[in-house]
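Single-structure report; data block below.
Residue numbering begins at 1 within each chain, and the chains themselves are lettered A, B, C and D in the order written.
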């Protein structure tokens, strides 16, 4: 229940240029969106890191869709319990006041919108809120896991991802090119360059990564980008 | 789990003529249908009495649709627990190895056909298996309770009732006149006069109450009655 | 995550005329006694009450009926209540009767984000009127929709301030599914415990479904049909 | 009511080529290790396996894949398995991918006599291809159908010979809903207890759903992703 401040992960720093956010900074910025009392589902990858940056005075509880509410940090070495894992199959602990349930109850929570926020990664996001994050045609398909249920259900979905792919191509598109995970569901995107809301008219630029210019963001965004007035830098 | 042999009820003897079965004998005859290892749901009235006549060597477990499996006899005086009642709202006990669950789980069992037998009363049964037992137009309607779920789901439904109503009219009909509880669902009827199976061609007479003649049963049955060969008397 | 409120009055705060409530319980077993008392005291009216039964004349939802606070009942069985019968026959009270299993499943569906499902219960009866019929494996089913409530009033045995709750005996009944289906779920418990006291493996309803919780006072737990056997 | 069998071999007796099995577990957590070993030993083949995941190369369902016993997998996520990938790419193995929540709910529906239900998950994706779409409250949903299995192979923590079972931690996952959905549900437990030892208020799956139960041997409980933090 208290903030999970001690999760230690082996972090791969982003290979983007210095000015852009690294994975931890993206997570840190997303953590600012958390509100006291929220139940939150964090996907694998950058979203998992959000747990390390819960703001002071904010209590949130983490839901893991394999059947766990009140997920705590990783166990101390030697205290791993094979019967207590998260949706990423990592050994975890439970916070005081947590609970265990079966998979149908877990998705009852998710589908029934009792979980206030879902944070997940994506390969592509379209400016209407469509998201693609589970399948690349021609490559081995591993499955959607719980992602389709999560994006179809949550009221509040934040995507955490890099702004462009390894080839430098925009991941914020007019239309997704990959098979969809969900339609018109993403509400906000936090990338290594910017914070953007999804609006009926496209991506609305809210904040820039420190030192990144609006022009650079514009150049890296293929979808419709709305820029109104001065765009402040993110605060950490 | 063991036979519930000690349930004591204040019994109203049938006001039919002596030769016909009383309520207890109807229950006793139905109890002969029980098979070892069955889960059984007993309705209010005569069906409840079935629990008193479980044959030697047969173990059955009683399901009460308010959320109880392994229902036992009534509690000893002074040992009533307000938090342990059956679907008739009577205080009950639990057998060793019983379990408690919520209403949705209870009807998951019923709808999913995990309960092998339902015994319930009826106002009318038609010779195609239709049953009416919840509503008399013009009279106060109390509701169907769990009856519609039970009759729509169970593979094996036995109706326990008197063969005729208080006016002497048949309750085994060509077609139900009252609003239905379920269609084509009853498999067997045990009355104070006879045991009958429902077949595609109507009620098939299997057994007579001791001393009751085929002619008397025929006269009391408005629906199609199939009489083939000698009809034996019931054995108790 | 602190959902603790001080009293039943605080628990039902915000219930307004015309709202839809779910009330747990089967007969008088496992009903939210304290919340009902607070509703009676509040004078709120024109309520739609979803509850398997409607109490008796002087207990349970019967108390709200006496005060004419209920506009409509959605139930599976409503016997044992003269005032209920009177209001129903005069047309003061609207009554929607639903098969018990469908009622339970429709509440669960409401809480679980399942807007509709097929069930065999009620096919061919007046319950099926106006409802879509579809055959699966040669057997007819009708389409039933999810139920939702502005407030779900739930009675549990023990609970903690995070909203985790457990039930005792057949007082469980409709309480868990209704806890799932309330926009605001208010739980009254017999005993409030500290978070961590309830074994996480055996929590019946996790706190995520609960918005308010309090320890109820002076439970009467009236028995409707006291049936016993003599000592042998 | 005695559902006790002596061994995993007796537990899976009657499983035939071409049958559909459900196997509980999430990753390698809560998988029916003993039943899987017995299946591998039995040599039964052309199986359709409904399981959230497909094990790893040398554990879990991976062992059955090595023996080419599986014709089709119905899962939500099948990573971490080279042999799986090979068979899938060569077309030896059919794979049906289902959103995890829909998979869980479809199993529950199978056990609960709900032939079909609407869910928002998968709308607008290839999961929705060929499925009915309907709007509820302005939001699109797709119709999903119940899943059934000839055998459900379930791993529980403790259980009694009546088939009452409880689970521990996140080893619960898909096991309860699959226990409900099997025509024959076989449960392996870590510890067999006497009827009455499990508190009736806290039985996760009542014996009514279970046909066979036995105490499993030598659980390995392999951990897929051992993640820890140093002591402070």
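The working rule: contacts are C-beta pairs under 8 Å (C-beta built on N, C-alpha and C of every residue); 3 or more make two chains touch, one makes a residue touch a chain.
For clarity, every value in this text was computed on a predicted model and none was experimentally measured.
Chemist: Common contacts of chain A and chain D?
Modeler: C
Chemist: Between chain pairs B-C and A-C, which one is joined by a greater number of C-beta pairs in contact?
Modeler: Answer by contact count: B-C.
Chemist: As a quick test, compute the distance in whole Å between the mean CA positions of chain A and chain B.
Modeler: 57
Chemist: Just the number, please: Cα centre separation of chain B and chain C in whole Å.
Modeler: It comes to 29 Å between the two C-alpha centres.
Chemist: Centre to centre, by mean C-alpha position, how many angstrom separate chain C and chain D?
Modeler: The separation of the two C-alpha centroids amounts to 33 Å.
Chemist: Using the average of all C-alpha atoms in each chain as its centre, how far is it in Å between chain A and chain C?
Modeler: The answer is 37 Å.
Chemist: Mark out which residues of chain C touch at least two other chains, giving numbers and ranges.
Modeler: Only 105, 108, 112-114, 119-120, 167-169, 172, 201 qualify.
Chemist: If I count partner chains per residue in chain A, which residues reach a count of at least 2?
Modeler: Touching at least two other chains: 100-101, 104, 107, 110-111, 153.
Chemist: What is the complete set of touching chain pairs?
Modeler: A-C, A-D, B-C, B-D, C-D
Chemist: What part of chain D is in contact with chain B in the complex they form?
Modeler: Going through chain D, the ones touching chain B are 1, 108, 110-114, 160, 162, 164, 180, 195-196, 200-201, 203, 206-209.
Chemist: Mind listing the chain D positions that touch chain A in their complex?
Modeler: Touch list, chain D to chain A: 26-30, 52, 75-79, 85, 88-89, 95, 97, 99-105, 107-108, 119-127, 167-177, 204, 221-232.
Chemist: Can you check the complex and tell me which residues of chain B touch chain C?
Modeler: 6-9, 64-68, 73-92, 100-104, 106-107, 110-111, 130, 140-149, 152-153, 179-183
Chemist: Give every residue of chain C touching chain D within the complex, in rising order.
Modeler: 105, 109, 112-120, 134, 136-137, 141, 145, 166-169, 172, 201-202
Chemist: Taking the touch rule as given, give the residues of chain A at its contact with chain C in the complex, in rising order.
Modeler: Interface residues on chain A, with respect to chain C: 1, 37, 39, 59, 61, 63, 69-70, 94, 96-101, 104-105, 107-115, 153.
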